[in-house]
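Can you read through this structure? Questions will come right after.
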Amino acid sequence: MTDHVYKMIDLVGSSKESIEDAIQNAIGRAGLTLHNLRWFEVVETRGHIENGKVDHYQVTLKVGFSLDDAAD
Amino acid sequence: MTDHVYKMIDLVGSSKESIEDAIQNAIGRAGLTLHNLRWFEVVETRGHIENGKVDHYQVTLKVGFSLDDAAD
Amino acid sequence: MTDHVYKMIDLVGSSKESIEDAIQNAIGRAGLTLHNLRWFEVVETRGHIENGKVDHYQVTLKVGFSLDDAAD
Amino acid sequence: MTDHVYKMIDLVGSSKESIEDAIQNAIGRAGLTLHNLRWFEVVETRGHIENGKVDHYQVTLKVGFSLDDAAD
Amino acid sequence: MTDHVYKMIDLVGSSKESIEDAIQNAIGRAGLTLHNLRWFEVVETRGHIENGKVDHYQVTLKVGFSLDDAAD
Amino acid sequence: MTDHVYKMIDLVGSSKESIEDAIQNAIGRAGLTLHNLRWFEVVETRGHIENGKVDHYQVTLKVGFSLDDAAD
Amino acid sequence: MTDHVYKMIDLVGSSKESIEDAIQNAIGRAGLTLHNLRWFEVVETRGHIENGKVDHYQVTLKVGFSLDDAAD
Amino acid sequence: MTDHVYKMIDLVGSSKESIEDAIQNAIGRAGLTLHNLRWFEVVETRGHIENGKVDHYQVTLKVGFSLDDAAD
Amino acid sequence: MTDHVYKMIDLVGSSKESIEDAIQNAIGRAGLTLHNLRWFEVVETRGHIENGKVDHYQVTLKVGFSLDDAAD
Amino acid sequence: MTDHVYKMIDLVGSSKESIEDAIQNAIGRAGLTLHNLRWFEVVETRGHIENGKVDHYQVTLKVGFSLDDAAD
Amino acid sequence: MTDHVYKMIDLVGSSKESIEDAIQNAIGRAGLTLHNLRWFEVVETRGHIENGKVDHYQVTLKVGFSLDDAAD
Amino acid sequence: MTDHVYKMIDLVGSSKESIEDAIQNAIGRAGLTLHNLRWFEVVETRGHIENGKVDHYQVTLKVGFSLDDAAD
């Protein structure tokens, strides 16, 4: 059957290394409790500055997962 | 008392039939676990194509429900 | 002469049946007093939910009409 | 290999019947010359009015197709 | 360690008094079940009218909280 | 019957006191000629400055009212 | 007294000559029935093409006027 | 039959003279290979500065043309 | 002469009291060095939460001032 | 070296003549103190109306200039 | 002569490695048939998730190229 | 005291290496004259293409800094 339903949640991941690493950190954390993550969309990229340098990146994501076989 | 609080969640419903059916599928699925759904807003309408035809519609919704008498 | 001027108004139509029906309801109501309606643009699609089902759709439209031969 | 590249084009489909039919008309026309259409996104929904009724719907879409095995 | 992950939820608070009070009502309600709320962003400000006066304000917020030490 | 139709108008209210007061001023003025106002949405908040202080707030609103029993 | 209230209406002006001329045409037409126009904001600039040339410009405006001494 | 399909392309025209001239330059160039151009929409207006003066305007357009009798 | 030129700067004001107070704090601070501030526009309203309550509001503004008689 | 850094400022230019003239007025004024202006982007086009005619145009621009050899 | 005309196309590039690699993959593919690519703008950054990790990034770009010496 | 005021400026950083490097270049340059930079937000990511490859990335940022102890 093809009438799938998905839920999307908003997460903010951070990393001192890179934008990609901040994305992966958010997804990795979400994956601890949600086992059917499917896709993400970057909503916003920000970061903190210390001593004239990027200290860490903060990336806001929407992450979608299937509700088909989830309790919720 | 009128100081109600609502929560909104993002859902994606799909349907081979119509945009309205995709909306209803998402709301029907959410209603299995949330019993006080009140309104929805369409955020995005997309779909998949196979053999030069629309195979199914995918509609992203925000769905609002009351937190007044909910556990959360 | 080609220097036409149009006015646009914001309407919200509703329908228990479909998005198209909500659009037509808004346009039909506007047509009772404005006889030179030309085009519409969908601004927002929302709706109310009752008992886990779409109760009715609410579609916000901009509707344009010619001022060329109108009193206002 | 997973490094796929897609191209998206902007189309406007129209129909006297419904929004879904306008979408399908645009996709059907594009499919005459592009054989690897994959997905669409609705950008705008408009329409023309005649005699106080919707005469036809006009739906602007972005349609994506794979460039992997296309000449261009 | 600085690789914090946050989740954001969408809430609508209402109040007969003021925009600030509607914001606080939403946050106060969320705080009953989430103990690590950090920040909010106002997404939309609306309200209902009765007898030609504002009856109550409705403020849609995104509210962010830390997932670092949360069950979810 | 539930196929209600609403019209929305754009108003700008101003006040030396507060954003809420500017909203109420716009709605109060509209209510002199429109007796079925239902809801408002804040579109923009601006203001004028004199001598380094806010002189007055200017709030742009969309205000919706029912056309069901209105002349127009 | 400084608690002024303004109303804004959406107009589309057209001209074969220029964008400025299309703006003036819309404002001139509105001025036939509204005598207290104050400001405008350009919302959209479009136009029609014939034989590979711009045939006329169409500019959508929001036009604001004072309600202080208006009947409506 | 009224089920027309249109395609829209993104062009950037430039001109040392005016915004209108930049629009016409883009449309004139597109008309060399596309003979059924119908309408345009301005997406963005930019320009380059030299010696404290506008050197040329750059206008980004969406240009629509009919696919009804086109090869593509 | 009417060919005025204005500059706009982005400020973030904060306050424990209210949104209006956060706006005034930003404008008051800017007024220490800029003596010809004219208007402001609210771009974003956010805030910090502590112990389930709004701790302070943060309002992002664009503030405009005349360059006509300014050194810069 | 190619790692250039640019700064962008927001200006509002006005003119009784045309949109292009308002743009040039803003850039001309900025050029009195900034000698390395490179490009501009139109953000908003507005204007004031007097006696049913456009009195003057107001164009909001972002203007970019190089920081490579600037004091700031 | 400075009245250049550019065309922009929408591409989606993907990569398992990084956002930059997804951008380069899209541009490299487009360069096989278009030899005068000039600039790109990132429109959207998304990606797919497998087993709680980013499987690949998908970056939507607008890519501009000169039409001055192109067949089309 | 918590009534901090921040100013935000718009910068464009560029780099042949990566998006992160373009961000750092803009922040590093700003830090030469502003010693209290706090955060940044990515507004736009663009780049130039040469010979079918990304030549350099251009990232537009808003950068915020405290005015509390600054001369301006």
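Things to note:
Each chain gets a letter, A, B, C, D, E, F, G, H, I, J, K and L, in the order it is written, and its residues are counted from 1.
As a working rule, a contact is a pair of C-beta atoms (placed from the backbone, for glycine too) under 8 Å apart; a residue touches a chain by one contact, two chains touch by 3 or more.
None of these values were measured; they are calculated from a predicted model.
Shared numbers divided by all numbers used gives the overlap of an interface; between subunit B and subunit C this overlap falls below half, so the copies present different residues. Of the chain pairs I-L, B-C or H-J, the one whose interface repeats that of I-J, sharing more than half of its contact pairs by residue number, is I-L. Distance from the subunit G centre to the subunit K centre is 38 Å, each centre being the mean of its Cα atoms. Averaged Cα coordinates give subunit D a centre that lies 21 Å from the centre of subunit H. Residue positions 9-10, 18-19, 30 of subunit B each touch two or more of the other chains.
Pairs of chains in mutual contact: A-B, A-E, A-K, A-L, B-C, B-D, B-E, C-D, C-F, C-G, D-H, D-K, E-F, E-I, F-G, F-I, G-H, G-J, H-J, H-K, I-J, I-L, J-L, K-L. For subunit I in complex with subunit L, the touching residues are 9-16, 22, 25-26, 29-30, 33, 55-56, 60. Subunit B meets subunit E in the complex at residues 2-10, 62, 64, 67, 71-72. In the complex of the two chains, the subunit A residues touching subunit K come out as 18-20, 23-24, 27-28, 30-31, 35, 37-42, 63. Considering their complex, residues 18-19, 44-49, 51-54, 57 of subunit C touch subunit B.
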